[in-house]
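If you scroll down you'll find the structure; I have some questions about it.
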């Protein structure tokens, strides 16, 4: 009874967790912390249903891993109990290093350290708490395992992607992003020790790639979401600038730690940084921004107020870079209409570029198996896709500024 | 009260029919006949849920037409009440000329007349019964209307396709074929009098094309379905051959009419042919085949028995044509193992080719509107597709023979 | 490969059949015949989606049985492989004796034999074809097994009911009838050798009973459905009367057998009756009725025409019996307005009663387990239901007559 | 364009907001604030998907109101445009006065003021901001309108309940709570100026009541949820006690306001209270509790740590009150095993009672219309329910204490 838990997931139905190690990981405070970090940051400003957390995603990805392993076993693939648990634990933990609004944080108050690196540090730390029982899991991440086991946790068709596409589709209500995980998983197999999809699954894989692309531009890079995230970066940068100048900036102790200290990759090695980091979540950020609405710093207060009340900046997307004189025109308008001094312009004129790839042609492939001896990459197997285009990076340039500045 | 009907549709929910003409069409015996004709013929031998009828599809397509018209009206497009009803009626009637297992019939007992031609004949006939009230509907089919009204009933993004893709996906359980009609419809607009999709709908259109392709090969051209349909063609051809030779062949009077007479396009002009045709449905065919299981003709009885008991022929698909010597080998095996005389081989060795196109590049385009002045074809607008491939005809050759003949 | 089949079911998803006996039963012609018999008879005249067959229901019920067995095993209940297969086979076969429009047939052309009796006869016959391998299955039906195994196949919470409620809800589109099978099944357990539901499942069972009641009156006893079925009974009775009088009545040989012979329970023992019965399905009935539209017998032709063109009789429901003088008034109106002679009135004035029970208080109980020693009946366990009412028979009287007779 | 917004809701699909007043309300900061308050408080500790906000519920309830109004209009009920907008605005605003974890707050840091009262105050305030355009909305709440308009916003079948049952079912994954809103709404009508449900909707209403009951005990009063909420109340009470004693307690300024001041109903009249209250949301509470994990006060730190790391108290439910000596035994165990002094016991031994009613028999009825002249209450109309039981208050007593104290 103690070693068994059933969780009700609106996406996959009942999820069973019936292994001691899985339960110990699930109950660890660092894991519980993911309950307080939204999977899609501020996407809820556009899709109000998108409040789901990294915790539910981790559970879902673990569940799909279990299904994938059962499918492979039913096809005669040899997987030990320990390997199965290691892979399932890996899915629970794969995002453990995410902070609140991760990509935002990495562009504002933390420097030069990715969430993947932090994940690895936290897993090593948790491994100590759990008497080394996570060593097989860490090995899977490092690739010290059968190749297909690593591919299941990290490749273009891993259960991470399968869960988040379906989950994000479910909670945003963008039904077209819904993918048929069950079907793809049923068609997984192993050939020459590598993960492959059986040939009759080719249309499902095509559909998976198209759904990913659709979610990318319709949700992940939705222009209003981009505007909100860029504003959030500027808010946190401003707060950090003020803090580093010695100004008093309201924050919870954990957030203060990251505002008042330069924190880079090396620092994450220290116990104190880890402690503070694992106390941080979406709540600290949102609470602080609400208080900053009444900051004496005009930049901080105006950006925070606009953000909290959802008076988001206007954003333009373009396939061509914006011309320098265009940017200058906007700057002048901001200056003139809003009285913002030119030296503060970096907080009001936000520009840059977005990019995505539908599929990476290269080492990390989705292999389609026509027969045990005829296996090829989806980009070759599918006659519908423009192989070149599939691997291309799809770029958009954005230009973002206060709505008060009417440029139309 | 009399002029209002609500139908419960598991695909779209409640469907309202609240116009006198729509109700009169719905209640017409020729329309009611579609309740007895399955949308997907023998596909239920593979997907047992696929029992849905052309009647429910016609209702669904009418419902989507209503949604499309409401969307366009909300964007300021001028559509009169009469135009709206004509277009909705058109969707109710667009498949009125389908017989049971249409494509099978057209390849066996009826000659040189398509269901589109029959549809037009039946609509003209029904127009007389309804005192000419269908004239505006007939005009839409002939294109005597605003161009976009015709495009709504017949183009690569018409409400016919939208309904059947979603409906067939729902009833087969092939969830990946599910398309987001509601979303595509919301993005329809008119530019220069032509139907266009607004630019932000581009990913939905990509998804629609991929879903169509997936349904094509996973459902419509599923190999077991092809095998069953080819057997059905041979059964009906054999019955007709026997009938034309003056043999006694059991059939309902309506089916007898088509077995004992040569019926071609011209004959469909006569009242008697129309009368007999509109009495024919899936039940006549299935009932006859069951009786034919005990026919004294070996070919007819053996094929009928195999078909009814679902002992279907084996089928091979290939991208290359099968070599003549391969066909000859199969013929000889059938002759030797089953004792089938060589002159009957056409009933046991079935071969030919299947083809599909994901998208037709040409006059009938899906237009994407980036701005009122910048409109282009989806094949150019989408950077993911190989334009060439998109318009290519995708061909497969098939070879079909009794399972008793083990060729592996 | 030979002993494994995956079926795509829109209700439950993928259904695995991976046992030789299950596959042999599935492929038996008597089982395949259920593909041609609709689960809900003429309900599709009201709910056009309700075209699903007894075949898909049998598969679904088998699938739920598998889930129930797995749940019990996971709770430590001892079930042998043979017992599991016997129970799953039982679900495949439980409806094998259904003819087309069963309840209609039993009230018209067949006498004094229920589909349960025919099922048992057919199972015994099939057992011979399968070399006695169905003996354990027959034992479960006869109760020669652990009590809970019998309860799983036949009780107020058996997998038969669970599947058909969900399936009928799915295909009719009456979403409220949808029940959470997965949840109820997860809460099944065994106490003192009997099937029980764990206490936390009490609300799910309440919901199940209410959903059943809702489906009963909204679908199974929907007034238009009742009108259509009563007309069908009269059509078949009239055809049989004519046949027994020696008149020529069109029918397939199998249907002819039942029209031109008195067939009662004893006759079903003969091989010929079984042979003819297993050739009969929905197609024979529908084909015949279409032909009868032009019968020289006015009663047969008028009823058949109304039925095929869906010009159904008007029906009134009442909790009180209709008064004799009311019936007489209707008879006279039919006679006067339609010219129907009084001696034919039994075909035009249809009356009788419908009844249902939400729950049977008695031997066959739904037991709720609060603790291993405290188990009680749902009617006592639930404080919401009126126990008396729960077990009451819910009766409605109906009165049905041609619409042409305006009684309002 | 400015006056139109489409929101994607995973529960209802596209929601249109196309009225200036509705948009102005939607964009008001007090409304936007509901994006930061979860509908179900800490229920996500049990059902991880339940992260949805009061904002999305308000939108959904508005959407259902629009559907209800359209249905009534289609049945000839006279509703002016102004009345329709007033009722829709009412649904947007009906929960505007909810604070974070409302019921928790009302039992800890705020005294003697309900969220209904605060809602009314905020609406009056917002009416000033919007130049009195909310006056018709306020009138609907006060009942100064056609009776059925008030019933639509507040009765046992209002669109508030309809939305939250369906929404909570969707996000928790408790599929059995799903209700068929569309169907119930289609059956609404007006008789003698009152809202009624047409007789054929009786089973849907029964199902609605049972679903409500199921959600009540399976979700809203789920024992683990109750344990978490009771702990949260104790945490906030302790923090307030410390604050009132002059201790330094970390909090955002808005939360500080409520910790360091006695705030009762009268205080809510002041502008400052309103200002602070509308700055408060879930984030402030969660952020503070995380900081309180390292409070120097043992009670506050231990409860906060347990809460954040989801080491929730054990909870027992019983239909009988717990005996005083039982409580005493638990107290002593807590004291002995955990070293908690007896005077702090109120924070560790939590007891009380829960109650729910499935249906209130009385003035606020669900009326079923059998005919324009025969209308009666659902509790009489339905023969399945025990009328007495239906109106009964269903009580459970709970006893909650740290898991470390093993009482079993």
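The first chain written gets the first letter, and so on, giving A, B, C and D; residue counts start at 1 in each chain.
Here, contacts are C-beta pairs under 8 Å (C-beta built on N, C-alpha and C of every residue); 3 or more make two chains touch, one makes a residue touch a chain.
Model, not experiment: these values are computed from the prediction.
Asker: Pick the pair with more C-beta contacts: B-D or B-C?
Answerer: B-C
Asker: The C-D interface: which of A-B, A-C or A-D repeats it, judged by over half of the contact pairs being the same residue numbers?
Answerer: Match found for C-D within A-B, A-C or A-D: A-B.
Asker: Quick check: how many Å separate the C-alpha centres of chain B and chain D?
Answerer: About 51 Å, centre to centre.
Asker: Distance between chain A and chain B based on Cα centroids, please, to the nearest Å.
Answerer: Computed value for the inter-centroid distance: 43 Å.
Asker: What is the distance, in whole Å, between the centres of chain B and chain C, each centre taken as the mean of its C-alpha atoms?
Answerer: Taking the mean C-alpha position of each chain, the two centres sit 32 Å apart.
Asker: By residue number and range, which residues of chain A touch two or more other chains?
Answerer: If we look for residues of chain A contacting two or more partner chains, we find 13.
Asker: Where on chain C is chain D touching in the complex?
Answerer: On the chain C side, the touching residues are 175-176, 178-180, 183, 203-204, 206-207, 210-211, 213-214, 217-218, 358, 383-387, 389-390, 392, 394.
Asker: In their shared complex, at which residues does chain A touch chain C?
Answerer: 6, 13-14, 182, 186
Asker: In their complex, what parts of chain B are in touch with chain C?
Answerer: 7-11, 13, 27, 29, 32, 35-36, 38, 44-45, 47-49, 51-53, 55-56, 59, 170-174, 250, 252-254, 279, 281-284, 286-287, 290-291, 308-310
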